[in-house]
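Okay, so chain A shows up in both of these, paired with chain B first and chain C after.
Then we have the complex of A and B:
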């Protein structure tokens, strides 16, 4: 039971880290290969803020998320959006290039040393009905669920949300009815990067992060999003829980050295059975 | 009269030429180039930057003294460095470029087997001497061609000796002699796990669990629970720095604070307690430089570099090793009397002298082992806990302070 609970909580962290990737794909059909680097940037900027003014990393993650969002806005507006008109491959390549550039800048500025964020609760453990609960993973899961609730509300109940849904259904038609699609896409990317940044802080608090970590976390996020259903925010949560559970149970029953084999094996099986993922995507209904 | 004056002028001119050739400082020859492909970025950056510091220090010393005497002529030495970004394929390509394009007559090595083995292969192909360090000997020899290395040399520690110092250190503390191993699945992980298992029996210790995990693993929850349940007082880990942080955090979360924790690779990262926000305080690691080892010019290097690297730690030791490697090559150049690769290679092989890192004398397999000791992180310093002969030095602080 401990392993199951631990796995589910781990999956909550994975889901939180993956939400932004799902949002961008659901809106723009863009696989943002720079997503992992937004996670890393968030963690590093938060660590700078912590070292300058002190304070709780989770609280400082909020202004940092705003900054990362502001940085991502022009990337989408002036790099990704222009190349999206050229087909599906060009924006993926552009995103890959942006990710590499960000990683290089991070290495030059911060060196390759890993970073860890601490808080008293980051290494705390609760005991619930005899089951040990890792507090940092519990917080990560709760934040992930909160983000899904907030984003779902925004997408369904606000004018901005209607613009996003219109642009995701048919960008050309949305433009014809007066929606500024380029601005909408840029705002979605900003939100995606901001959530990734929060995910990065949670990763750095639970484990550690380095400039080269972005690729590994992108791969995890992609696995979560594919299993949950590309573009489905609730699906991303479920996908994360599944990946976390499979990883934890697999580590105990088969061995941690087979982690990747187990997780990607399950991914392949799910894709054979349900090529669109386990859950319908919610943005495009 | 005219003929006599011409004769005198000829004698004076000839004598001047002869005297110029025989002057105490010799003539000034062309600059000699040494090349180094180093991990200045990427996961091995700390080793690369420290090695570069050490190599350059030795070369600057020689140049400041007027140059290196090679065959009676003084030459300035130039070090050309390229960044291999911690990638073995890039390192091998750069090694070739340094020799063929930059004119390097010898190579100073990168760090760790994944980089040093491909560069050694390049050196063997090119027939150019390479002297390396920060590369465990058995790991390096596992990549040797048939017949052994001809042009490549390594001075670093032998894994067997390192493993023995860990059990010698453990003997100085009261424990239940139960050990849990955490090893990653890189080339040296299984080698190290095997050595630990072999030596545990010899020293009367029991390996109660041997946990393997892939590099990049972040989820240690079940493994730490397993280790804690085994009741082992000793943890021995072969693990890279980011994974080491995840392991330490999980151990802290689950309240598992063993009496002793050995962390190889991660524990040799300069400033590891700072990077881990204090969790690595008290962790033990094998080391090749520490205050009190009695090495040549030990205090001089501590005074010069302690503030540069933030303490007396493995980064400082890497600088000393780099300095030593460069000195070995420079002295071999003088001994060879020429930049001919075969003559230089031969001279390197005949090295038998004490340098700051160790006494260097290469064996038939082209390796020269350093002395290994065990050190414990206390703040940003690695304090000597076993002497060079394996006897106890400073007392080990138990349990692991950062995990308490």
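Then we have the complex of A and C:
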């Protein structure tokens, strides 16, 4: 029982980390290979702020998220969007280059040592009906659900959300009715990066994070998104819960050193069995 | 007399002879020089040629096949570990062992390709990345590979630096010729057709899996041989070094900078990347940042890489000089068809 609860909470954290990836894919069919690096950037910038002015990492994560979002805007606007017209391989390569650049710059600035963010309440454990619960994971799950609700509201009920949905349904038609698709894409990427950066802070409160952990988190996030159905925000939460559960149970039954192997193995198996995601009807091309 | 010159002229006009001839010539010169140059130079050139081989092998899958594989580190590690383990356990002679390691890697290539070929585009990239990290996670915890401890190449199998350089030169030459011939074969044409228009190719009867499996096998073979020689160069092998994601990254960087899906792209790219790293020896991460930025710039502004820039320049020059420009399409395709018509 402990393992199941721990796994579900871990899943909440994973879902938060994966939301941005899902949002970007849902809007522009782009798998952002640099997503993991956005997470890591958020964690590192927050750790700088914490060491300079001190204070609560979760509160400081908000201004950092804005900064990361601002950084991501031109990346989408001037690199990814123009390249997306070239076909399928170009955006992958471009995102690969962006991720590699971010990761190596982080290593140059901070060295490759792992870091973690600490807050007094993060390491605390609650006791709920005899089940120990990590507060940091609980917070992460709550934030993840909150972001899903906010994003769903924004997408469904605001003019900006209408633009995003129009652009994702049919970019050309959206352009014809006067929506600036390029700006919309860039804004979506900014939002995605901002949530990724918050996710990164939450990750760093539970795990140590290093510049090179970006690829591992990209894979975790991708696993979550694939299981939950690509592009579906509520699906991301389910996906996160499933991945967290599988990882926790796998770690207990096979051995904690095989955590990564379990997750990435699940990803590979799902991609093989259901290349279009677990909860989506297969689309034959 | 005249017949011999005309047959010679015909030989030179044959599009496959000149590049292969030049490559063989360069390789022969390099092998002849191997005992003359200093050990340091031979060592550096070995490293460069290993990069060239890696990039040539990746380019088959990633460039001509359009499949952004991040899984090639698995082949490098497989080649290296197969060599070390077989040598240690069975005390086999070296050259058969290297070939065996390559074959093992080719087998892994087929094994990985079957599931990976169900995926396309970014899914294949992430799927192969997942496989790389999963295999790494397995190897680093496996007692058979001595987990995180290092594995020694047995003393009797160690090669002198010049000999290793000769082996690497031969491997790079074989890789170059293999890629050259494959791309011009019917299989290579099917490969490129699948990349450019999968539906169109399928409607002409090109089978995706049947086309791509042999290509992955060849790519795995060449990469495995490269991993094997790389392990021999280092003398010891660790999971961290042999299965490093860096090999996949290097292959991508080199091919993108040099020119994806071109014959000389991997060669040019490897030379650029290698010497960039030599010059910024103490700042290897700085070199990596520069490479990443160049990759972004290339994708954004000159999708053909260095080779693309040059072919555009030549194209522009020919137009200016009033010569009929040879279109990129006829350059890439074999000229066999045209000759038949004549």
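Going forward, the second predicted complex is superposed on the first by the 257 of 285 C-alpha atoms of A that agree within 3 Å, B and C clash if a C-alpha of one lies under 4 Å from a C-alpha of the other, contacts with A are read in each partner's own complex, and residues count from 1 in each chain.
Quick note on the criterion: a contact is a pair of C-beta atoms (placed from the backbone, for glycine too) under 8 Å apart; a residue touches a chain by one contact, two chains touch by 3 or more.
Quantities reported herein were computed from a predicted structural model and do not represent experimental measurements.
In the superposed model, A:6 makes contact with chain B only, not with chain C. Looking at the shared chain after the overlay, A:116 reaches chain B, while chain C stays out of its contact range. Looking at the shared chain after the overlay, A:97 reaches chain C, while chain B stays out of its contact range.
When the two complexes are overlaid on their common chain A, residue A:264 makes contact with chain C while staying clear of chain B.
In the overlay built on the shared chain, the residue A:158 is in contact with neither chain B nor chain C. Contacts of A:105 after superposition: chain C is touched, whereas chain B is not reached. In the superposed model, A:216 makes contact with both chain B and chain C. When the two complexes are overlaid on their common chain A, residue A:251 makes contact with chain B while staying clear of chain C.
The intersection of chain A residues touching chain B with those touching chain C, taken from the two complexes, comprises 107-108, 216, 255, 257, 260.
Interface residues of chain C, counted against chain A in their complex, comprise 66, 68, 115, 118-123, 125-127, 129-131, 133-134, 137-138, 141, 245, 249, 252-253, 256, 260, 285-286, 288-289, 291-293, 295-296, 299-300, 303. Interface of chain A with chain C (complex): residues 30-31, 33, 78-79, 82-83, 86, 88-94, 96-98, 100-101, 104-105, 107-108, 215-216, 218-219, 222-223, 255, 257-258, 260-261, 264-265, 267-268, 271-272, 275, 285.
Contacts from chain A toward chain B in the complex involve residues 2-3, 6, 10, 107-108, 111-118, 122-125, 132, 134-136, 203, 206-210, 212-213, 216, 247-248, 251-252, 255-257, 259-260. By the touch rule above, chain B contacts chain A in their complex via residues 41-46, 86, 185, 211-214, 216-219, 221-223, 225, 241-242, 245-246, 249, 252-255, 269, 271, 275-279.
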